[in-house]
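These are the structures in question, set out in turn.
What follows is chain A paired twice: with chain B in the first complex and chain C in the second.
Take a look at the complex of A and B:
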């Protein structure tokens, strides 16, 4: 990606993200209820993060002519929900680190963390209902309908992934993986923010299907890159435990590729390692899986798929946003796919 | 309570409950998404339960002149959310039985159960959005606002209770307990169903504050009776593990009373027992706590408080529903407080 494009993404992410985070604190003030609950609900947001989802929503709305203020509540609702998903995901995946610090359930136990995740999801309803005052009942309800659909896709996607791990699924295809992350990741990370932004900007006067492909390609590239960073990223900057996905037995595109490429002897060892509980897997075993992944080209394969998806997203940008006027927001949305591969 | 009153409650509970459960299955059909997710989401509803919350909502709506059909989606949304709460509560409390069978997380593991609880909460949004078609956007949005408020009260109440257990709170007063169950139990079990029913029946043309006291007294009596059944109920019919609350160290009214009545030597032993992890507590220790509770009159005390609350709820019925015409629904709401103490 060009330096200019990189700067557009960085500056817009910073501007939209700061606005969203400032607005987010309004919903997480400790004086709103039991202090401890609101303090813990603010824990993951306080650790940073780019507010990518909020930025996408604001940018899509601006692209279609809305003001930032008109999309801010939707953007913040999504960030609240996202942080709630993270808290629950970390419990479900037995993750140990999030944004460079121990996960919430490691710090405070599963019961408290579970309820904090519930609280974040519940709190996301407030800005969505405020929308109904700011944007009118009709638009507010349309956004609530989109939210219901998105949340359902997310829990269904999560169910697919948990089921794969629980049954130690081995015979998965790349297409299964893409379908799972379409539901689990893309719908809420990229498709929904574009759709909601466009609903706000056009006063619900645009066919929302045009955002599905842009959002899917962008979100899938994002997820694969995220999984790659977990395996071969700079561990100091990544914020999660290195190779945590291998410890968790997570069905990434790399693992699925490896399960198709590995010769019988390695496959037997892989299967038996994947059958273990997370706590039974050793760093040596994880290191071995990573080695065979590299040896069989699984890392390179995933990188190529991510590159292809970025190309497809860039292409689909035209169908999604091509009829909007030039603006910072539009340039941000156009440059975002390439940025996905360059983030560290 | 009179036999006639008992029959009114039983027959109305049966009629409303059956309707609600029939409608509930529509939202839990496995063909709606990943089969396993929807199968597990239907697991607790399939085990039975009276649909008390749905029945209250339908009765309140009918009392104010609405048809059953107009309140059915709100009633079903509440049942979906309630079952989601149960799944998450069971994880948080490390409960072993629910409705006579092992809890969902014992059967399928915490990750899957956690996501099923999330799914049930997400699914509750569908009937609430359908309300907006059936009842119009204005009423539909008012019910969503009530739902947001109720869900927030519930997670805040849950946070209070978890915090007491986490910090091994000892110096609690009965008033602390009542405030906690106002938020955790009463708001969603009794106050919200009455308020939503009245919103539907009156087309949002009634002061909702009048339902808070009836709902609080009724819900508090219900919760205390539930806690009593856990300790001294008929274990075959109760559906949860007997004395599970003592194993969990749950701060019930009986335990709070005991902590004030026990002499220093017993208090020291109680404190050290409450400090243990659930898995470290033995049946002998639990038996001892129950014995000293009985000895110091804690069970009788809680029974008296529950009786007093039933009296107060019966009195407040007039303020809440006194201006409505005679009907089966009204007789149900009037007789419900006394029924709370007679259920087994």
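Take a look at the complex of A and C:
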């Protein structure tokens, strides 16, 4: 990625992200109800994050001629829902850190954290309903329909991954992994924001399949890079506990590769380690898994796959946004695939 | 190497051009099949991983889209909205949709005007507060006069007058947002879903604040292809959209 491309992504993420966060606070401020709930609901958004999803939504809408104001409520709804998902994910994965600080359930207990996650999901309905008055009833309902589809795909994807862990699935293929992250990650991280932005910009007069392809390749590369950072990333900047995915027994592309490459003796040990509960796995065992991953080229393999997917995303950009005029938003969307690999 | 031996170039691994796409990233091994079928395990070779991953990605996404289309056909809807073309069925559906929108808009306009009527002042001298159909309101404070030159902003939904110059069968839908108009208004050119389709230009818009009415004038070229064309109204005061205009050019009889 050229320096200029990197600057485009950084500046647009900053600009769109700040707008989205400012608007998001409006939905978390209330005079009524238990103030503690709203304070905790604002906890994860307050810790930072890039607002990638909101930025994608705003940029896609602007690409198709809509103003930022027209897409802001949809972008904020997605950020609220995303933060709700994070709270619940952290509980399901028994994660200890989020954005550099202890997870909400570790700080306040699982029942409170569950309720905060629910609250964030419910609060995300408010900006979606506001769309109806800003964009008209037809378009507002159309976005709501997209949101229902996205949320369903996301929970289905999460269910797949949890089931793999619960049953200690071993015979997985890269295709299984891609199908799972298409649902779990890509839909709500990249596909949905592009589709909703395009719906707003074109008044729902565009073929939406092309955003599924662009969003899939972009989101898949994003997820693989995220999984790589968990294992070999900069511990200070990553924000989650290092090698947390190995502790959780998460079926990443690296683990699936290792399960196919490891010789019988290592495979036996690997299977028995994956069968353990998270609390039973020791740092030494996790360190051993990481070592054999490196030894059998699983980390390099995942990097290569991420590069390939970024190439495909760049190609699909032309199909998704090729007919839009040159703009900052378009340049942002074009440079985004390469940025995915550069992020730390 | 002894002094009497000549230095030689190493033997080349390949002496012919690669003419096969399957071997574009490396010479294809003996009996190589097409890489990256969904049932295959991960590649062990780094260079092979890239093309395999891309091919696998395309297989996964195509399978997903096919499955979504089948599901949509089965239930007779579009759950993931994979509509790829604007066929006659889709156009008819949209025609109904726009007609429904126009009906709703008309009902809202009627409702607004009806509300004005029911809130007219009761006859003088009635003994309050038992007045049929009217709730007594506190006496209004004198309205401060608007400063000279300031735009008059109406909080009521504006009415619409449409002047349509066309030799074609068309249907026009105007959707106004419930936000006050300050003006002046400008309109984007009307675009079709197909980016290469011609656009409808020269739309004239005028907002007359005294009568709270938007005057729209559209000229449809006689050679405009059939289809749906839409665009936005913008309020110059804040550059925010105040509504949309949709023109459906119908087939000739």
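By our rule, the second predicted complex is superposed on the first by the 342 of 344 C-alpha atoms of A that agree within 3 Å, B and C clash if a C-alpha of one lies under 4 Å from a C-alpha of the other, contacts with A are read in each partner's own complex, and residues count from 1 in each chain.
Simple rule for what comes next: contacts are C-beta pairs under 8 Å (C-beta built on N, C-alpha and C of every residue); 3 or more make two chains touch, one makes a residue touch a chain.
Since this is a predicted model, take the numbers as computed values, not measurements.
Peer 1: If chain A is used to align the two complexes, do chain B and chain C fit next to each other or clash?
Peer 2: fit
Peer 1: Going by the contact rule set out at the top, does A:91 touch chain B (first), chain C (second), both, or neither?
Peer 2: The answer is first: A:91 touches chain B but not chain C.
Peer 1: So, does A:137 touch the first partner chain B, the second partner chain C, both, or neither?
Peer 2: Once the two structures are laid over each other on A, A:137 reaches both partners.
Peer 1: In the overlaid three-chain picture, which partner chain does A:68 touch, first (chain B) or second (chain C), both, or neither?
Peer 2: Neither chain B nor chain C is touched by A:68.
Peer 1: A:111 in the overlay: touching chain B, chain C, both, or neither? Say first, second, both or neither.
Peer 2: first
Peer 1: Between chain B (first) and chain C (second), which does A:203 come into contact with in this model arrangement: first, second, both, or neither?
Peer 2: A:203: touches chain C, not chain B.
Peer 1: Looking at the overlay, does A:175 come into contact with chain B only (first), chain C only (second), both, or neither?
Peer 2: The answer is second: A:175 touches chain C but not chain B.
Peer 1: Have a look at where A:156 lands relative to chain B and chain C in the superposition and call it first, second, both or neither.
Peer 2: So A:156 only meets chain B here.
Peer 1: Going by the contact rule set out at the top, does A:300 touch chain B (first), chain C (second), both, or neither?
Peer 2: second
Peer 1: Please work out whether A:327 is in contact with chain B alone, chain C alone, both, or neither, and reply first, second, both or neither.
Peer 2: Neither partner.
Peer 1: Look across chain B and chain C in the superposition and give the shortest C-alpha distance you find, in Å.
Peer 2: 9
Peer 1: Of all the chain A residues, which ones make contact with chain B and with chain C?
Peer 2: In chain A, residues 137-138, 145 are touched by chain B and also by chain C.
Peer 1: Under the touch definition given earlier, write down the residues of chain A that touch chain C in their complex.
Peer 2: Counting only chain A, the residues touching chain C are 65, 67, 69-70, 133-134, 136-138, 145-146, 149, 173-175, 178-179, 182, 202-203, 205-209, 212-213, 216-217, 220, 253, 256-257, 260-261, 297, 300-301, 304-305, 307-309, 311-312, 323.
Peer 1: Over in the complex, which chain B residues touch chain A? Could you list them?
Peer 2: 33-34, 36-37, 88, 91-93, 108-112, 114-116, 118-119, 121-123, 125-126, 129, 132, 137-138, 140-141, 144-145, 147-148, 151-152, 154-156, 158-160, 162-163, 165-166
Peer 1: Within the complex, which stretch of chain C touches chain A?
Peer 2: Its residues touching chain A are 38-44, 46-47, 49-54, 56-61, 64-65, 79-85, 97, 101, 104, 175, 177-178, 188, 192-193, 195, 228, 230, 232, 239-241, 244, 246.
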